Amino acid sequence: METLPLLALSPPGWGGNLLRGLVNSVQIALGAFGLGLLIGTAGAYGKLYGGPITRDLLAIYTTVVRAVPELILILILYFAVTDAVNQVLLAIGYQRIQISGVAAGIAVLGIVQGAYATEVLRGAILAVPLGQIEAARSMGMPPLLLARRITLPAMLAIAMPGLANLWLIATKDTALLAVVGFAELTLETRQAAATTKAFFTFYLAAGVLYLAVTLTSGLLFGRIERWARRGEPSLRGAG
Amino acid sequence: MTDPPLTDPSSKPVAPQGSGRARLPEWLAPHRIVLAAIGLAIVWLCVTQMRWDWLPDYGWLIAEGIWRTIWLLVVSCILGFALAVPLGLAQAVGPWYLAAPARVFCTVIRGTPLLLQVWLLYFGLGSLFPSIPWIRQSELWPLLRQAWPYAVLALTLSYAGYEGEVMRGAFRSVPRGQLEAAQAMGMPRLTILRRIWLPQAVMQVLPTLGGETVLQMKATPLVATITVVEIYAVASRVRQDTLITYEPLLLLAVVYMALAGVIVLGFRWLETRAPARAG
Amino acid sequence: MKKTITLATTLLLTAGMAAAQDVRVGIAAEPYPPFASPDAAGNWVGWEVEIIGAVCAAAELNCIVTPVAWDGIIPSLTSGQIDAIMASMSITEERMQTIDFSDRYYNTPTVVIGARGIEMDATPEGLAGKVIGVQVSTVHQAYVDAYFAATAAEVRLYQTQDEANQDLIAGRIDATQADSIALEAFLATPEGLACCEMKGTVADDPVILGSGVGVGLRQGDPLKDAFNAGIAAILADGTYDEITLRHFASSIYGG
């Protein structure tokens, strides 16, 4: 195709722009996934062992986030959070602060991921054999050590498919940040396509880049799951 | 509420829940009442303190937008599921020349963002039109001019990609014995599929399908970027015309939560209609 | 410990104050040639980008060009994510209810372009039965809604003018209305020239179309004086004309 030179890595090719956008996308996805895991762990423990109010509040959180489209959540959080933070600062008498696009994107997507992660991790913790936890408790293990040594390792293997899915959702949701104008891969693609009019070329190139990330992640998570399941007997040949 | 007499001060009441001793239903428990009161207070504050004067002006547009969202959702889910069944079947038991393309399709759809797929279909195909001059005289031209066919196509393909994967697992997990018994009875293949395999596969994954339908509903706002006027586009329009930032977004959130609730309840009802497992 | 906290807080606050002249100038994240578009290296170039640099230099502000999605640019300003908007935003009464504007820095007529071979002009009768595309949240959308929507077959709203142009090339819409300079730049491209031609200038309506393009600012912001001074300075010392003649044949300051 005569438009292939447009993908060159250095100007006048737009390939460099696309790769920069990809790096931004992966950065935000990593940040959001990590934040989501933290919120999810706290949420899962809260839902399982917390008091009734905690459980209800967490139920409201997960229900709302899982029912409202990410696009709307991104818009609400992007403007509302910056606005609220700045209003508070102004009221106290400080200057407005600028929340960088990356931080806002990570925060917003992290909150969304957290709701899904809560459900995944809660299901995984529930699937850890109760006997192991009881045995550890009867040995007098403090709760934090119990979580670190027993619950989390066992839960990791069970949660892996769900977490892999969450990671894929995080990478694809970064595309939504194009709608708020953040310079990640989809926006860079749109800008390049609009400037050069070579729509097919650039959208296909972006698709290939996303696929590369997805497939690599799939392989990576497969390995992590095999490592997490090390020592378990193989289910092959059973029934 | 009466507590059982405590003979041993260090022991806790051991009556399990639902043991017959009178207690309030769970949703009337004290903390729930407080939370509900706070919730109602927030709703009342929102209704009275925020600006809702734009609602009557845009009422008709909002109704149209909600209808279009529901319509897009229903059509893309039905068509997508119809496509997902052969995709899942091909991957579960098909020969390699059917299974491989199906697998590639599902992988590509699930591996790329929907926004990109939507833009590729609408603007990518659109950029090819000038090089096909006879297309403007063709029968399809009125359809190709508008945006909603591309929206339906993109959403359908997306749903089919995800459900194809779900149905693959579903078809594999139906007990082989049933299929073999039906074959032994001399049932034609299509009848086996229609009477035994498909219904059982669907019933097994009904909860997953419900969740995926909610996800599909959450994906519909993306078609607003290709000029389809569904409820998100209407809310954006209101935001830009009136320069009010939050109220239209809140309305959107409420609408989508209501839709999600309807979908979840609908699928729960479908699950109750599934015949109970016979052991 | 307390001393360290006080010291740190003071440093943070004074750091904020020292950089107080850091002005985030929002531009649309979508390309709008020839005013602002990204090049292959990721830098923003165009007439408007150069004017931003000139005005800020004359006003002694440290401007940081910040791309923001067009349909969220006003909320971004009011919520404090950016401090000024220089994205070819027209000064209108309606917008002045929410934000403030500096003096104008250009004013150009509004035109309609349409597909070759279809008879039309920039009047309600001329556009009867046509499919018109226009960018959301612009004065052009308001104008089309007020004047052409009654007779037109359909009005389609696009996120960027560029997408409307694309659909015009593809034949999905018959006409689009926008700023004359942006559309002339589009008609100069090979695809634009092949598909479409200028159909006419719309009848002026200062209330809807506004009185020129100015810098959008928060209401009551002292930056307004700084920007006005900067614009006056570059108009007076010839920088404005020098930049303009590099991009256009004649001045676009307008009357």
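Order of writing sets the chain letters: A, B and C. Residues in each chain are counted from 1.
Here, a residue touches a chain if its C-beta (ideal position, glycine included) is under 8 Å from a C-beta of that chain, and two chains touch if they have at least 3 such contacts.
Remember, it's a predicted structure, so these values are computed and weren't measured experimentally.
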{"item": "Category of the chain touch graph - line, ring, star, complete, other", "value": "complete"}
{"item": "Maximum inter-chain contact count - chain pair", "value": "A-B"}
{"item": "Farthest-lying chain, centroid of Cα atoms versus that of subunit B", "value": "C"}
{"item": "Intercentroid distance (Cα basis), subunit C paired with subunit A, Å", "value": "35"}
{"item": "Length of the line joining the C-alpha centres of subunit A and subunit B, rounded to whole Å", "value": "20"}
{"item": "Whole-Å gap between the CA centroids of subunit B and subunit C", "value": "38"}
{"item": "Multi-partner residues of subunit C (each touching 2 or more other chains)", "value": "75, 78-79, 163, 166, 191"}
{"item": "Subunit B: positions in contact with at least two other chains", "value": "123, 126-127, 225, 245"}
{"item": "Shared interface positions of subunit A, touching two or more other chains", "value": "75, 79, 179, 190, 197, 199"}
{"item": "Subunit C residues touching subunit A - in the complex, by the definition given at the top", "value": "13, 16-17, 20, 24, 28-31, 33, 37-42, 67-70, 72, 75-76, 78-81, 160, 162-163, 166, 189, 191"}
{"item": "Touch list for subunit B against partner subunit C, complex", "value": "123, 126-127, 129-130, 136, 144-147, 225, 227, 229, 233, 236-237, 239-240, 243, 245"}
{"item": "Subunit B partner contacts - residues on subunit A that touch it in the complex", "value": "52-53, 56-57, 63-64, 66-72, 75-76, 79-80, 168, 172-176, 178-179, 186, 189-190, 193, 197-200, 203-204, 206-207, 210-211, 214-215"}
{"item": "Touching residues (chain side subunit A, partner subunit C) in the complex", "value": "11-14, 16-17, 20, 75, 78-79, 82-83, 86, 94-99, 179-181, 183, 187-188, 190-192, 194-195, 197, 199"}
{"item": "Touching residues (chain side subunit C, partner subunit B) in the complex", "value": "71, 74-75, 78-79, 94-95, 97-98, 131, 133, 136-137, 141, 156-159, 163, 166-167, 169-172, 191, 194-195"}
